[in-house]
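The two complexes that follow have chain A in common; it is paired with chain B in the first and with chain C in the second.
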Partner chain A sequence: MALSVSKVARNVPPAETRAGRGPKRRWWPDRVTQLLFVLPAVVYLCLFFGYPLVKNVIMSFQNYTTSTFFTGYAPWVGFANYVSVFKNSLFQTTVINTVLFTVGSIAGQFVIGMALALFFKRRFPLNGILRSLLLLPWLLPLIASSSIWKWMLDQDSGVLNQTLLFFHVIASPVPWLSSPNVALASVIMVNIWLGIPFNATLLYSGLQGVPEELYEAASLDGATGWKAFRYITWPTLRPVVSVVLVLGVVYTLKVLDIILGLTGGGPANATQTLATNSYQQSFVQFSFGTGAAISNILVATSLAFALVYLRLNRRAIDE
Partner chain B sequence: MKTNRLVAAVAIAAAFPLALTACGSSAPAGGSSAGAAGKGLSLTIEDYYQPPQAATYDKIYKACATALGDTITSTHVPGASLITKVLQQETSKTLPDVLMLDNPDVQQIASSGALTPLSDYGITGQGVEQEVLAAGSLNGKLYGLAPGVNSLGLFYNKDKLAAAGLTPPTTWAELASDAKKLTGNGTYGFAFAGTNTYEGTWQFMPWMWSNGGTETQLNSPQNAQALDFLASMVKDGSVSASVVGWGQGDALNQFTAGKAAMMENGPWQIPSLKAVKGLNFGYVPLPASAAGGKSVAPLGGETFTVPSTGNTAKEAAAGKIVACINSPANEMTIAAENNYIPSNPTIAATFGKSDPDLAPFVSIVADARSRTGLLGTKWPTVGTEIYQAEQLALTGKATGAAALAQVVANNS
Partner chain C sequence: MKAVKSARSRQLPYTVLAVVFLAIMLFPVYWMVNTSLQPGPSAVNATFIPLHPSFAAYSQAISDQLGNMKTSLLVALGTVIVTLVIATPAAYGLAKFKLPFTGAVMLALLISQMIPGIVIANSLYTVYVKLGLLNSIPGLVLADSSSAIPFAILILRAFMQSIPPSLVEAARVDGAGHWRAFWSIVVPVSRNSIITAALFSFLFAWSDFVFALTMTTSNTFRPLSLGIYNYLGSNVQSWAPVMATATLAALPAIILLVFAQRYISAGALSGAVK
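Let's look at the complex of A and B:
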């Protein structure tokens, strides 16, 4: 979607070249008019994106505590918050967890999403209904779905363990959320379930853009099935794929609600990520400076991926 | 025309925040006639009580305000968001005239200067349980006073214990062996809240205290032993491994569903327990670490405070409201209707005679200890260390001693 919009924008001659031509009929230069059109957007960005971001950066260099809210006094502490974050052994755990969570979630979401997108590309009865049912995880409130997953994953009476035990798939109940060794995998599994609609929908719409003639021509040359996917679908779909992946990474890095709902970062910090740890520092321990420091690290990471996204986007257009 | 539109836009923008505040679950209480007559103040009070408990408090707030010739409007916010709301109100200088705070939060908020000392209004807390005062005080000044308190005890399923030929355990060793005997056929012997929140800390503190441990010296053999004891019951299967994710409501659900024969929980659960048909339950103090030892329970309950709003007339009136909520008659009402124990031991003794259900908790509370009496504003840090250590021990990631050493080293 973003691609097509940018393409359209490119076909329109830039406003600047048109402005300046012709006689000046107004007492203010056209430039001012142009800037006035941009102003609302600039004000909006500064107010709702710039201010919080700058405030968060400043906060991370302050000893910002509960008292600060009343007195407004937050002493400048330099990099002390960052030092305490890096020194804490929990930081290493949260970084590893964040990487595993992100990579695991994206890999699962993407592979299953792609498979479903390819599947739904075929014409068969009930295709439309099934495809809309696929969106279900997306439509449910996150808190509700994580509570229900928590019940289903309960070690003693959860439906998942009961079912697996009934069919003798497992010999003893799996401690889905109560063992530090399994909990992260369970949380990733739930997040994959949640991310499939996003991946499947975007990839499906990307597949609509692959010209049918290419497949017809290729099938004459004997390229069907896997070969058709490898040499036609994949190359044509690549710009969409990179967008899906990069957006997926940015969305997954900041996941908070699912983890809080399922495990609260536990057991024994096994599912603690940068996002949940930042939340804990700020809103549980009321150490707002440390919380801000962690969230800045997260913001910087997301920003790096966002830049990758913009670059890929540009390259896709240039191609 | 253009100016008119601008004015309209500004008016809409100005009305927007008003519309937002109107969305809060505010319920005007108190004789509005007093306000309409032009005398008397209109006060605000904020708490985290939900129905049906909230009704009891609204009734008391209204009566107290009417007696003063004032009106009062109460706002009930969800428990988890109270502190964030208070912090916002501190910044925007819109704190309510009377503020309810859970007792471990009082010192944290008082240390910012947002609360006024209750001595300004002649409230000394005389006659109130010493530990209740300790929880509500900072640097020797009383900021919050609780009309009712609660604690934790050992709830047991009478039928299950009788079937196994057991009596309620009084020592750790008995608890462990009884729990093991009661385990089987889809039932665990014991349940508690081991979750990674302050709820887990609250439920763990009695075990460390009963063993002679303290929160100011976290890395001690006594505390390590307490962790190892609870972990040993998880390890031998008499406590479900899921306990690391359980809050007190989850422990209650396990107990009422017959999946736990005993549980650690508080008197506020008694109405829910009584509502379960065929559940025959009893409760005793939590077991002591050894025979002849003393069981120390934690002190829970909410205090009422007077925030510093700058309006002296309203602050004085708020002080009177706090005194009124803590009056003997209201302590009795709150205790009877909401399953609390009056914070004044004399009143508690009278109450114990009138309410045999809660009588065991009257003696438990008499020896109970507050979580923040020693810690003060260090509560958020140490409270977190305690539940983190408990998580490490219960999941078998570390022994009690190693778990404590690890969390203490991490935060030093």
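Let's look at the complex of A and C:
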């Protein structure tokens, strides 16, 4: 087998040039071997992404209850799950929370990440080591980070309130996670902390692509500091910025660990988002049909942004 | 010489400023370690420096969580193996073979990274119930690979595209089949990016929470992330053991960042990130 394949291979130009020969692509046994390289990955993608996505659509039209898993009986209910999701007053809350959480997190992560990226662009001793240590919050298990912040934000003995009280910044302890008015802001703050390394790293690598001559030329024309950023850095960096922002949206929509760890979606649903609500419908209420309906809304939103990402990415590559 | 020195001293304030930024960013990590070393069980009167460090919290954390840590370790190692076995050949095939559907697979990989885990979990649960994969290491390994495999394929492929075709051709001319050439040329040459992919697969699975939460239903089979979550679920009375557990959970990330920094930076920059 190996011999015959290699004989064929010897007569055929290597893979690189063969495809260039145009549409006359023949189906060598060689091709079968090549397909086997990719096949397991394709099968995996179909089983763990393709199938769940399709299955979710089907499930969203069925009524699942706790007994479904024993009896296998999940009657067809048409759009009833979607109707009940949209009619529930909680839906509006979760959508607003999701938007606030996403926009707030990304605004904070991006601005601070950009500031750090610009700062680390300067040359100074230990730059490389300090920059890589900055990655740490991003590498920690999210649930471990949630537990740290839950402790730091503890109303009575958390270090944040203790410090703020000590310096008389606040008169009484702030109920960071236990007040419906503050909880969402606290969760956003934690998510900003988590996202800074990601934003700073990608923007920093983008800044490396801005040619140094541009700055030199501009400084001769008197454009330094903010002006140099406005007229040179920002326009050159824009493709990277778009990609960072869109990826930020997609990844923020996914967030479950942090919210469940910090507040569990409470108090009084103040931090309930589409992702946490989907989890709660399915895995707490065991109403998998409703959970699937919310999941599909979440997927549709993510995919809309994914399409934007792919278009931007393609344009960035074309340029 | 003098010019170099003055440049250095002009740069020094930036280093100081950078250290201050970093201290603020990493304070939570410091606070975690500090709390875990506090002597009192409640850690309510935690001092800013562990003046009388105590490992009592660690012994409690380990007695609570040892089984969970083993589970997490096995799941993470299993995920690394499954991911590398599936992703490495696929990355090579997608990088070099000009297969007709390469574009479609790449698109699917990019999109798959954007699908929220809870969406996958929602329908996977019903399948796992039927197949008896709930509360099992294989079940979690397969589910956790869903975040590791697309990532691994993307960074491995990016590297393998840069392998000069002549390298593989030489082996092929000598009579090696595709698999031989792959195993004896491509894999050794790609060593560094394979290590990066393996490290990130390990971290993804070790940190996984969504599948740990949804694909387990028993009190006896739990990954470490779920152990931490269960601490948080009840009203926490003593934070020291919780922070000790969080420190143990954070340990792989800290170790890798210190000892395998170049691989981590390579992964972080590959663009496609968690």
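To be clear about the criterion, the second predicted complex is superposed on the first by the 271 of 319 C-alpha atoms of A that agree within 3 Å, B and C clash if a C-alpha of one lies under 4 Å from a C-alpha of the other, contacts with A are read in each partner's own complex, and residues count from 1 in each chain.
The definition used in the following text is that a contact is a pair of C-beta atoms (placed from the backbone, for glycine too) under 8 Å apart; a residue touches a chain by one contact, two chains touch by 3 or more.
Small disclaimer: the values here were computed from a predicted structure and weren't measured.
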Touching partner for A:V32 - first (chain B), second (chain C), both, neither: neither
Chain touching more of chain A, residue-wise (chain B, chain C): C
Touched partner set for A:A144, first chain B, second chain C, both or neither: second
Touched partner set for A:I170, first chain B, second chain C, both or neither: neither
Partner chain(s) touched by A:S157 [first = chain B, second = chain C, both, neither]: both
First (chain B), second (chain C), both or neither touched by A:I96: neither
Touching partner for A:F283 - first (chain B), second (chain C), both, neither: both
Touching partner for A:F69 - first (chain B), second (chain C), both, neither: both
Touching partner for A:L303 - first (chain B), second (chain C), both, neither: second
Contact residues common to both interfaces of chain A (with chain B and with chain C): 69, 150, 154, 156-157, 264, 283
Residues of chain C defined as touching chain A within the complex: 8, 11-12, 14-15, 17-19, 21-22, 25-26, 28-29, 31-32, 35, 42-46, 85-87, 89-90, 92-94, 96-100, 105, 107-112, 114-127, 129, 142-143, 145-146, 149-150, 153, 165, 168-169, 172-173, 175-180, 182, 203, 206-207, 209-210, 213-214, 224-225, 228-229, 231-233, 236, 239, 242-243, 245-246, 249-250, 253-254, 256-257, 261, 264-265, 268-269, 271, 273-274
Sites on chain B touched by chain A in the complex: 83-84, 87-88, 90-91, 108-109, 111-114, 186, 195-198, 240-245, 259, 380-381, 384, 388, 391-392, 394-395, 397, 406, 409-411
Chain A residues within the chain B interface of the complex: 65-72, 88-90, 150, 154-157, 175, 177-180, 263-270, 280, 283-287
Complex contact set, residues of chain A against chain C: 1-3, 5-6, 9-10, 14-16, 18-19, 25, 30-31, 33-38, 40-42, 44-45, 48-49, 51-53, 55-56, 59, 69, 116, 119-120, 122-127, 130, 132-152, 154, 156-157, 159, 193, 196-198, 201-202, 205, 243, 247, 250-251, 253-254, 256-257, 260-261, 264, 275, 278-279, 282-283, 288, 291-292, 295-296, 298-299, 302-303, 305-306, 309-310
